[in-house]
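Read from first to last, the chains carry the letters A, B, C and D; within each, the first residue is number 1.
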Amino acid sequence: MRGFNKVVSSYQEAMAGLSDNMTIIAGGFGLCGIPEGLIKEIENIGAKGLTVVSNNCGIDNFGLGILLKDKQIKKMVSSYVGENAEFERQYLSGELEVELTPQGTLAEKMRAGGAGIPAFYTATGVGTPVAEGKEVKQFNGRDYILEESVTGDFAIVKAWKADKIGNLIYRDTAMNFNPMAATAGKVTVAEVEEIVEVGELDPNHIHTPGIYVNRIIQGSFEKRIEKITLAKN
Amino acid sequence: MRGFNKVVSSYQEAMAGLSDNMTIIAGGFGLCGIPEGLIKEIENIGAKGLTVVSNNCGIDNFGLGILLKDKQIKKMVSSYVGENAEFERQYLSGELEVELTPQGTLAEKMRAGGAGIPAFYTATGVGTPVAEGKEVKQFNGRDYILEESVTGDFAIVKAWKADKIGNLIYRDTAMNFNPMAATAGKVTVAEVEEIVEVGELDPNHIHTPGIYVNRIIQGSFEKRIEKITLAKN
Amino acid sequence: MSLNRDQIAMRVAQELQDGYYVNLGIGIPTLVANYVPNDIDVMLQSENGLLGIGPYPTEDQVDADMINAGKETVTAAVGASIFSSAESFAMIRGGHVDLTVLGAFEVDQNGNIASYMIPGKLVKGMGGAMDLVAGAENIIVTMTHADKHGNSKLLNHCNLPLTGVNCVKRIVTDLAVLDIKEGAFHLLERAPGVSVEEIQQKTAGQLILPQNGQVPEISV
Amino acid sequence: MSLNRDQIAMRVAQELQDGYYVNLGIGIPTLVANYVPNDIDVMLQSENGLLGIGPYPTEDQVDADMINAGKETVTAAVGASIFSSAESFAMIRGGHVDLTVLGAFEVDQNGNIASYMIPGKLVKGMGGAMDLVAGAENIIVTMTHADKHGNSKLLNHCNLPLTGVNCVKRIVTDLAVLDIKEGAFHLLERAPGVSVEEIQQKTAGQLILPQNGQVPEISV
């Protein structure tokens, strides 16, 4: 399956084609399930003016936060952007544009983008600042707002296992936004913990079918934890 | 987990509460992955005036076709209704109302129904009879039509394995419409091949989380095949 | 005596029913998990994609891939399922979660809630809160009845940007349990030793007392 | 000589590229799978929820839980994935399938297609066809150039209810290969021994010949 072998051997190849002012959809929730190496490669490339669609924006020195530090990000579309002092500074000074989006709406916007659905109605955000400028329509007597989907020039995701043709399996809550992000990129790049031969993954257990994935790279992950909480003895 | 034990021991219990003029969402594609025993129980109950939302309507003497024979169905919402002479007769005579719905739109209407999304836009059906009476809206210069979601008084699905708290796993292409149907019922009933103890299913492999499932019954399945096609030697 | 954080959580836990799927927000709501009555089972939903939150891990069990919506390390309960954020919010938005408990800055007599943003201070974002309040049939808000300056948080109209409209049905504060219906707060219970007068004084919105004038004390 | 069904499929197979994800409709399109060139790989998508259709099963392999969209028993190819109908049509509607091949009753010079309904006869339904034609960037229609009465199926305007509008870009018939652009059929190739005149006569819509007047024969 030559035409389906999506494995690349360098981060340069993985992110080839990224340039200024592009939109990047990123998987991950906090620091959990983020494509650490792909983010570092974006830092290396130094592309500026990026729009990044991701539930969070990392922390000051890890995850997407490193792109803030370098002022590579023009706009963030996120549901929660705490834990990040540089973010706060850029936002308050007006350097950074922020589109706060409810978490479920953000997940659905990515899914819809990948699924060819340009917009959908949701009750989430009705009557709140999120509804400003959006069309309101009643269904069965309740108000809903129209939310448009998102797609990216690139989608960057983190998976546990991939086979060489791009079928992906996630592990535990490191799945989070990754499956939707994977569907929403013109070019989708997956950074994974393990690459296996085609046929090793059970077809019934695949979370992201390979059709969505363009490039796969074997990563090495630090997997930093934001809040280690332990059972009391 | 008493409050979460959803296993019932009879088909009567499984479909308790079904009455005339209700809407039923059914999983299955052709005769593949259909809740055979639950359909028979609907026949036994004899409820009339039903609206059935299902990709197909079985064949004359099997699957949902048996409810047509008994004239229990007032309206079918389906994408494909061939292979069924009684269906043809009732439809042509005007006894049966049919809402032909593109297959992908039907799947999405069920998913949206379960996901609290009252409506979504799709390019599917634009400029065709499916678009009649539906709102058209442009996004990025292309026309899309507004499709509303569906929900049912009951959803009936077929799964391979269930644990006692309703987590479901499907097998091969018997999955089809079942995961969406499972989310879209006020009461969702799953007929399964095997019931296992809580904890036996890998949390990462569950296709339908138990939160969607109200009742589980151990079924026995004939699994009739519509077209046996074999490799040529 | 007003209730402390744990006592508020204990009172909320009395609202749990056997077989409930529950989403607990950050702060006092998280404490509710410690007071689930022994004779019932609930399953806790975490909006990052876990149904069936288990206990915090031991040091050996800590796993960066297993966190809750507050980004704390957790374990999966027996019978848990794990899924994407889209599936998680399909559950939430679709009304499949039986009970949502969350904190708030303000609630008003029409059931509006403000919980995510204080203009002028940093906006951290709403996370999943807007989806949770829009999707749940059954929402309990936990908060202190008044802020540290004594200003009521139970208002005629919320002043802060809203998280959701017409959605809060019950509030458990350090002073009282109240229902919201027909455009008013209805006092149901008071904290032990707290007078109805104090609750009236600290409730800026319209407060309705029981017809018989009797307000039982919260039992925790 | 006009092409037979297998020859039409062979010609369509020449459009395949290594690494293509392809959805093949019922009838002639299904035959395309038999003629995939040896030096390329394609993965076949079945809209009931299978990416990677394998060969038909042996008797031992027959499994009621493993069928294709035509309800035939199949096997899964190595590297296949299985998913729900919603996921399947997310792929299709979202434009992730590289090539869709399907049959039709009529196609017109604006790329409209009618393929699912003949009023007065039984309406069996569109199945996935409307989603496929709306979602695909790259659609090839296979059909006979004319019906058994000699009436052209390549029209100015479709008469039958449409499956999709402005979507068909290429047609492979028993007589010719044609592209649709700028409101006309553009003749690219003709079946061996079939004259341009016959194709002109059997094409009711506007037909444009190559500027040099040369129409190469289809090679299969």
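The rule is simple: a contact is a pair of C-beta atoms (placed from the backbone, for glycine too) under 8 Å apart; a residue touches a chain by one contact, two chains touch by 3 or more.
The structure displayed is predicted, hence computed values, not measured ones.
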Give me the step distance from chain A to chain B, shortest route via touching chains only. 1
Ordered by label, the neighbours common to chain A and chain D are B
With centres defined as the mean of C-alpha atoms, identify the chain lying farthest from chain C. D
Report the inter-chain centroid distance for chain A and chain C in whole angstrom, where each centroid is the mean of the CA atoms. 29
Chain centre separation in whole Å, for chain D relative to chain C (CA means): 56
As a quick test, compute the distance in whole Å between the mean CA positions of chain B and chain C. 35
Going through chain B residue by residue, note those that touch at least 2 other chains and give them in order. 108, 111, 115-117, 122-123, 171-172, 175, 203-204
Please output the residue numbers of chain C that touch at least 2 other chains, ranges allowed. 50, 76, 82-83, 89, 92-93, 134-135
What are the touching chain pairs in this one? A-B, A-C, A-D, B-C, B-D
Touching residues on chain B, where the partner in the complex is chain C: 1-4, 111, 113-117, 163, 165, 167, 183, 198-199, 203-204, 206, 209-212
Residue positions on chain C within touch of chain B in the complex are 17-21, 40-43, 45, 50-52, 76, 78-83, 87, 89-97, 134-135
Which chain B residues qualify as touching chain D in the complex? 29-33, 55, 78-82, 88, 91-92, 98, 100, 102-108, 110-111, 122-130, 160, 171-180, 207, 223-232
Chain D to chain B touching residues, read off their complex: 46-50, 55-59, 62-68, 70-74, 76, 82-86, 88-89, 92-93, 112, 117, 122-131, 134-135, 161-166
Touching residues of chain B toward chain A in the complex: what are they? 108, 112, 115-123, 137, 139-140, 142, 144, 148, 169-172, 175, 203-205
